[in-house]
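Order of writing sets the chain letters: A, B, C, D, E and F. Residues in each chain are counted from 1.
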Amino acid sequence: MTSLIGLGYLISTFSFLIGLKFMSSPKNAAKGNTIAAIGMILAVLVTIFTAFYENVPTINLIITGTAILAGTLLGKNISDKVEMTKMPQLISFFNATGGGCALILGLVEGSSLDISTGIVLKIVLVIGLLTGAIAFTGSILAYGKLAGKIKDIRTKSLVYTGRSILGLILLLPILYFLDFLPIEFSTLLYLMGGISLIYGILFVLPIGGADMPVVISLLNSITGVATAFAGFVYVNKVMIAGGIFVGAAGLLLTVLMCKAMNRSLLKVLAGTFKKGKNSVSESEQIIKTISTSETAMQLSYAKRVAIIPGYGLAVAQAQHICSQLQQLLERRDTEVHYIIHPVAGRMPGHMNVLLAEANIDYAVLKEMDEVNDHMDLYDMVLVIGANDVVNPAAENDEDSPVYGMPIIKAYKSQQVVVMKRGMSKGYAGVKNDLFDLNNCSLLFGDAKDSLQQIINQLKLV
Amino acid sequence: MTSLIGLGYLISTFSFLIGLKFMSSPKNAAKGNTIAAIGMILAVLVTIFTAFYENVPTINLIITGTAILAGTLLGKNISDKVEMTKMPQLISFFNATGGGCALILGLVEGSSLDISTGIVLKIVLVIGLLTGAIAFTGSILAYGKLAGKIKDIRTKSLVYTGRSILGLILLLPILYFLDFLPIEFSTLLYLMGGISLIYGILFVLPIGGADMPVVISLLNSITGVATAFAGFVYVNKVMIAGGIFVGAAGLLLTVLMCKAMNRSLLKVLAGTFKKGKNSVSESEQIIKTISTSETAMQLSYAKRVAIIPGYGLAVAQAQHICSQLQQLLERRDTEVHYIIHPVAGRMPGHMNVLLAEANIDYAVLKEMDEVNDHMDLYDMVLVIGANDVVNPAAENDEDSPVYGMPIIKAYKSQQVVVMKRGMSKGYAGVKNDLFDLNNCSLLFGDAKDSLQQIINQLKLV
Amino acid sequence: MEFISTNLENIYFLIFSIFIGIEVISNVPAILHTPLMSGANAISGVIMVGAIILMFNIEPTDYLNLTLGGIAVFLGALNISGGFFTTGRMLKMFKTKTSK
Amino acid sequence: MEFISTNLENIYFLIFSIFIGIEVISNVPAILHTPLMSGANAISGVIMVGAIILMFNIEPTDYLNLTLGGIAVFLGALNISGGFFTTGRMLKMFKTKTSK
Amino acid sequence: MKTLGILKEPNQEKRVCLLPSEVKRLTNELEVEVKFESGLGEKIGISDEAYVEAGAISDDQTEILLSSDIICTIHHNYHGQKIKEGLCFVGIFNLLYYPNRLEKYTQNKADIFSLDLLPRSTTAQSMDVLSSMGSLSGYKAVIKAAELFGGSMPMFTTAAGTLRPAKVLVIGAGVAGLQAIATAKRLGAVVEAFDVRSSAGEDIRSLGAKFIEVPGYKESENAGGYAVVQSPEYLKKQKELINHHISLASIVIGTANIPGKKAPLLIEKSAVDNMKSGSVIIDLAAEQGGNCELTVNGELIDYNGIKIYGNSHLSRELPESASQLLSNNYFSFLSHLLKNDLENSPLLKGCKVLEKGNIVHPSFESKLETT
Amino acid sequence: MKTLGILKEPNQEKRVCLLPSEVKRLTNELEVEVKFESGLGEKIGISDEAYVEAGAISDDQTEILLSSDIICTIHHNYHGQKIKEGLCFVGIFNLLYYPNRLEKYTQNKADIFSLDLLPRSTTAQSMDVLSSMGSLSGYKAVIKAAELFGGSMPMFTTAAGTLRPAKVLVIGAGVAGLQAIATAKRLGAVVEAFDVRSSAGEDIRSLGAKFIEVPGYKESENAGGYAVVQSPEYLKKQKELINHHISLASIVIGTANIPGKKAPLLIEKSAVDNMKSGSVIIDLAAEQGGNCELTVNGELIDYNGIKIYGNSHLSRELPESASQLLSNNYFSFLSHLLKNDLENSPLLKGCKVLEKGNIVHPSFESKLETT
């Protein structure tokens, strides 16, 4: 019997491992998910299987079965309905449920201990409980922020309160285990649970909305730790291994995500806001940045892409690499157009010179007037080192010096990514209203470098 | 005590792991080697340490100490003296010593067993012995081949003999353990050892010299397995883990090496010879091929590189990517020249058109006459889609239709890599004698693709 | 010290697991960050196994704990099912486009 | 079956080790193939630990086995020292060039 | 309904200021009556019928001048004939340089919009004739140079030896200069360029050419992108550097200008003496006095085997393309003119020279006194 | 010691066949005495002194003809004057096309090496005057076309509308054709090219141009890379396709030739009628009768606003570059001539037309009969 159970857990541990491995390569990711899911089903089945020779009361079985069924159906239901763009908050939500589960486990298990329980087990219980609690409220808050239901609140006092509570969380158990606290263990548990729930909130509150994905990954890692500690309680290998895998992978993933966004984890957690490199204080624009990988990701989904080149393309001498990107996209059956604005660059025909040098077929060059009326047909517009020529102020802002100049209506497309080095302005020296729009993100960096990175990423998909 | 030993082994296991990990990234590789070496020293020290509470006779200690000292000094000595280009055969040699050690271990340990020994241990012993033996002779042979002391022998009968012996190796123990063989266990061991030694030879004999690195990697992996099995005998975690690491990593490495050379492992082992894609039987040239990664590796060491473009560069339209490679090399402080032959391409100035399009500075273009007298100063010459213009037949072979045409003396440089798609000839339709030379290797594939891959590899160094 | 020698196996297990957890995803391309996060989240739902074990050991009359345990199992199941299905949906997009 | 349940720990160890062995080098760039092979070869020299243990257990009068064991230790030491030094030499070249 | 007249250009001019396609838009979109002098487009193969089809009416010059509210030409081509009262001339008259041309217009109380005076602002770009013509001139300057040059522009590595690429020096990197740089680069020449505005450096480099920098330039913020006069020390340093680069070049293209002023003299006789026989100098500033001391406006001269061609209107030699651009420029301007008041439009104000015969442009007050 | 004479070329020719640098190598390396007609290089700014410095002796024509063993010129320039016995002429005489030029040489029992007849083998490349001149002609043809064309070659997207890139059709993708393709591509034109040899397709594409393929061409193995005459059906198919592409093009450059034969007629009057006014045809095959029906050799004509320029010697208009290449070609040939026997050299055999006044070249036997 036990050997069968052991074997079952072994296989499911291994499938988690393989699942994670596969999920980290684009080609096998979907397969990896299936493998991990099968491993999970196996682990659950094996566990339920133990009921048959342990004489579990029927009511317990019924409740368990019902709960599993209900959870599964609801989970499937929710995941089917939510829009693709809302994925991060969904993940956060599901992470909260995992944290909640760990929290309850810790409470129930802890309150039913007998006095003989060793200190090691108690420590394990406390850690499992508090990590679960932090993951629970933290994830709920992250969910709220992403859903736009909770705004960023960033005050010094908040950060300090958070730190003191963290101190408390560390101090209380130490005092308890050194016998300085004359309370019951279950009291300690409740106390810890409560404080941790609060800490989870304070932890996430000051962090900026744009950084939420990183935080979610971190919370996910914490849930993993909670799972592992729960596993220690039950001496259950698959829980320990699964938990540690997630804990370790989640932590690394958090770091990787920070790197991809060019952020430091510490700064994210401290809630410092990101600014463009050259962004001078004068410009108080609220902009959205995007990473090369996200750009690549979105390009990979796009069916029609427009490239709007500008003076920056010439400065970066990125014409050759730009043509490489075009070829890559075309090989993936994505239609690519170049839209040339009459005054892009610094001399008439500036863009023509560049694109001819890169041997770009005249057939894919479009004139502004040709396409301006159906810019919405482009899933994605890449603005490479152009600025004034896509500035909607030319259409809307009568006081702007560029008012009246015809522009390429990039803002009408589904999604705009603007590549530039910093927040400096174009030739006309005016603020670009495009950057404020919801469908526009800025990709900072020299256009040549950015394009190269996008190509590298895109090749992986 | 045991806990200290356990801890020591744990640390050393972990340092093997970290060492291997580091060794697989260019930046940390040297560090990785040091870490693994420290782990090894620790493992040895811990083992010797056990002597002090196990009452080991002095003579044993002395012999052990002397042997370790002698081996270490000799190893250092050999490794210091051998030339860089002889590295693969050196690795093969050291691998043989590891195999030999495993072989002796198996023999000694096996012959001193008492009758009560369980079947599992016996099986473990046999496997350890035979893997050690195969690794031993196989590596010695591989060493001999690389050193040019043993020629490739590729006959059908050899392959069949090899297969029958492999059958014997599998069959004998089965018969023995099913009690069909009425012999002593030690006899079995000697028998197995002998046969395995022979098999090691037959295994390597038919494999072509160019494929030796792959074989060495495989033999290395086998030594790892031998080590792991020896570890099982002594219930020694560090040996088991180290052995398995090497076994698994070695196997994967073998596969990766095959992939990098565009070979299948099975074909390597069967001793099939590699031919260029378009290589028609008519051309009976013996050529050396090279992979993009090896090319990148050698480029990374080169201080001065010459690129000789030809018609193939135009056909592949690889001028832009070629300029990328140049920039990459220059950023690494490698000097790059383009040498343009007067009749390269299909019209006067053909190469000029291409290189100007890719914005290549006129300062790095060299004329044939300017550099032909000191071609030996180039550590590496990349011939990209050129053929007739580097054909030494124009200088040496009076009967050749190209005799008398001035050529770029690429053959005089330290190392030539010729990029072309297959073995087809140039405009003049004559065989290229350059390909026969020792310092020339062919890199098959479309020039654009090959260059891209070289760039990708080079970026890692 | 003693702790080490008695738990040597476990320590190996722990270290190896952590190492694997890190190693296994160390080369994930940035475009997979979100799906991977989602997948890892689903795996952490294995905590439900603990919840089930808990449920099996609760006295059938201890309604409070039965309820709590039931909720825990429910939450775990939600995490697992939601997690895997969400991941699956995200990854489906990777298949629709044939690369190269 | 029984074998499994008694050796479960070992099996985990085995599988994890194999997995790690494979995983750890799975992204090695081709230019590191040879040095890595050399390094792995050096690590397999850990067989010398076995040889030393063997030596410690041989009767001091069993000259044949003492000799054999001595040779084994010697070979192991040769493998280790040669392996690491050779690898070190190869890898030194990677440092001389500053990349980018 | 306003009437717009288009006059034939002088003989040597092949370009037209409005093509049938834009005439059609004028009559349809702006509801203007268009009259044109017969034979207007014949030099570039456009028949009178084409204009008539576009909705215009063929007429003779006298009649047109008497009946139109607006007259469009490229060149100053009015010699005091009788005109309808309040007639408004639109053209590229270069009046700052030729202020005496104003006389006849003042006498007849005409209005003048001279498009060369349009402010170089973002919104004026579609009517900016200087940019569109400058651009074509810059291109043509290089084609011309290649045609006159006795060697080849690109490098040729051949079995009969190597021809080195031509060295091209472009002086002044405004619209024409940049286009010249781009075209010469395209042909494979080695290109260097010089401009007093240090901000031109980035533009030059973005075209892959080398920027020759003279340290110490004084920028003027309110010159609106145009160059201003410099200090003597600066000019000396500049001269030495330029002379050096001239002596190395096979082709020199001068495009440096200071609006309304004499063009800066940057290529002195002594520098030309150092050039190789067979070299070529194209001087696009010829009309403003030339960047080269030896330039004769409108002529190709041979100085010791060095060909010097001075022509500020090279775009004329691309009559088809030039007419296309001009026609769009004029159309944009006319539609702006008809839709806006003078008071509210800095563009109109910027290029209006005469109002009922009186000078209304600030730059002319001083000018006229000197005449 | 042999004496080599260099004669002045006819008036319209600026190129020289040997420059002082190669004269120096002749006198030094090959130990030849070199005489030259005074004023040889003056048209490209090379003084007599430069030749004298290089070791040559200035002399008058009669004297040179009487004292030399070898006479080098580019053009046929001999009118029966008295010569030293066994004098050997080296030049580019195009005798297959002008066989009657032979008369005076035969009468005076001279030898002739005509470099246009050199086999196009690998080893002959350094003396291959057809390649070096063809190459320059191809380049210059495009520069000429750009100069004559009323529009711009590259695309210009400007605030005043977009100028489409010129469409260039190159007919015949030999040496000159390929160079024309490359140059037009450089200038940003859209280039199509056509050649009967299907192997030219890869060459054309390797330059980034479009290959117009007419299926059904019959290749001849032993024509040594040259084109051969084709079947009538093929010619019809070809004509239709070409006509279509001609009507789309703004610039057509004809370079198709069949050695020693009349050039193929590929651009018929009817096709030209379909072209737009302002278009340009450059016919490099003019001397061999032209690829275009309307071509007049050596002249620029205007046909309904379409400029047609026929000139097979455009390299003349790059006299500096052309002389440099020719000089190397002649030097290579002379050094081969002086170092090798006629019997052992397929190169010498291939281009030797007369031996002591007798025809020795196989291609001429039939030719002469027809004269």
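Basically, contacts are C-beta pairs under 8 Å (C-beta built on N, C-alpha and C of every residue); 3 or more make two chains touch, one makes a residue touch a chain.
Keep in mind that what you see is a predicted model, and the values were worked out from it rather than measured.
Asks: Which other chains touch subunit A while also touching subunit C?
Replies: Chains in contact with subunit A as well as subunit C: B, D.
Asks: Treat touching chains as neighbours: how many steps, at the fewest, connect subunit E to subunit F?
Replies: The least step count works out to 1.
Asks: Once the contact rule is applied, which chains count as partners of both subunit B and subunit E?
Replies: Common contact partners of subunit B and subunit E, which must touch each of the two, are A, F.
Asks: Can you work out the whole-Å distance between the CA centroids of subunit B and subunit F?
Replies: Centre separation, subunit B to subunit F: 56 Å.
Asks: With centres defined as the mean C-alpha position, give me the subunit C-subunit D separation in Å.
Replies: Averaging C-alpha atoms per chain gives centres 34 Å apart.
Asks: Averaging over Cα atoms per chain, report the distance between subunit C and subunit F in Å.
Replies: Distance between chain centres, rounded to whole Å: 79 Å.
Asks: On a C-alpha centroid basis, what's the spacing between subunit B and subunit C, in Å?
Replies: The answer is 41 Å.
Asks: Which positions in subunit D touch two or more other chains at once?
Replies: In subunit D, residues 12-13, 17, 19-20, 23-24, 26-27 touch at least two other chains, as defined above.
Asks: Would you please write down the residue numbers of subunit F that are in contact with two or more other chains?
Replies: 125-126, 131-132, 135, 154, 156, 158-161, 163, 186, 188, 208 - these are the residues of subunit F that touch more than one other chain.
Asks: Tell me, which residues of subunit B touch at least two other chains?
Replies: Within subunit B, the residues that touch at least two other chains are 17, 21, 237, 317, 342-343, 348-349, 353, 356-357, 359.
Asks: Which chains touch, pair by pair?
Replies: A-B, A-C, A-D, A-E, A-F, B-C, B-D, B-E, B-F, C-D, E-F
Asks: Hey, which residues of subunit F end up touching subunit B in the complex?
Replies: So the residues of subunit F in touch with subunit B come to 121-123, 125-126, 131-132, 135, 175, 178-179, 182, 185-186, 202-203, 205-208.
Asks: In the complex formed with subunit B, which residues of subunit E make contact?
Replies: Checking each residue of subunit E against subunit B gives 154-163, 165, 188, 190, 208.
Asks: Could you list, by residue number, the parts of subunit A that touch subunit D in their complex?
Replies: Listed in rising order, the residues of subunit A that touch subunit D are 2-4, 6-7, 10, 13-14, 17, 21, 237.
Asks: Using the touch definition up top, name the residues of subunit B that touch subunit E in the complex.
Replies: Going by the criterion above, the answer is residues 340-344, 348-349, 351-353, 356, 359, 362, 365, 367.
Asks: Which residues of subunit E touch subunit F once you look at their complex with the stated criterion?
Replies: It is residues 14, 44-45, 125-128, 131-132, 135-136, 139, 143-144, 146-147, 149-152, 154, 156, 158-161, 163, 183, 186-188, 277-278, 305, 317-321, 324-326, 328-329, 332 of subunit E that touch subunit F.
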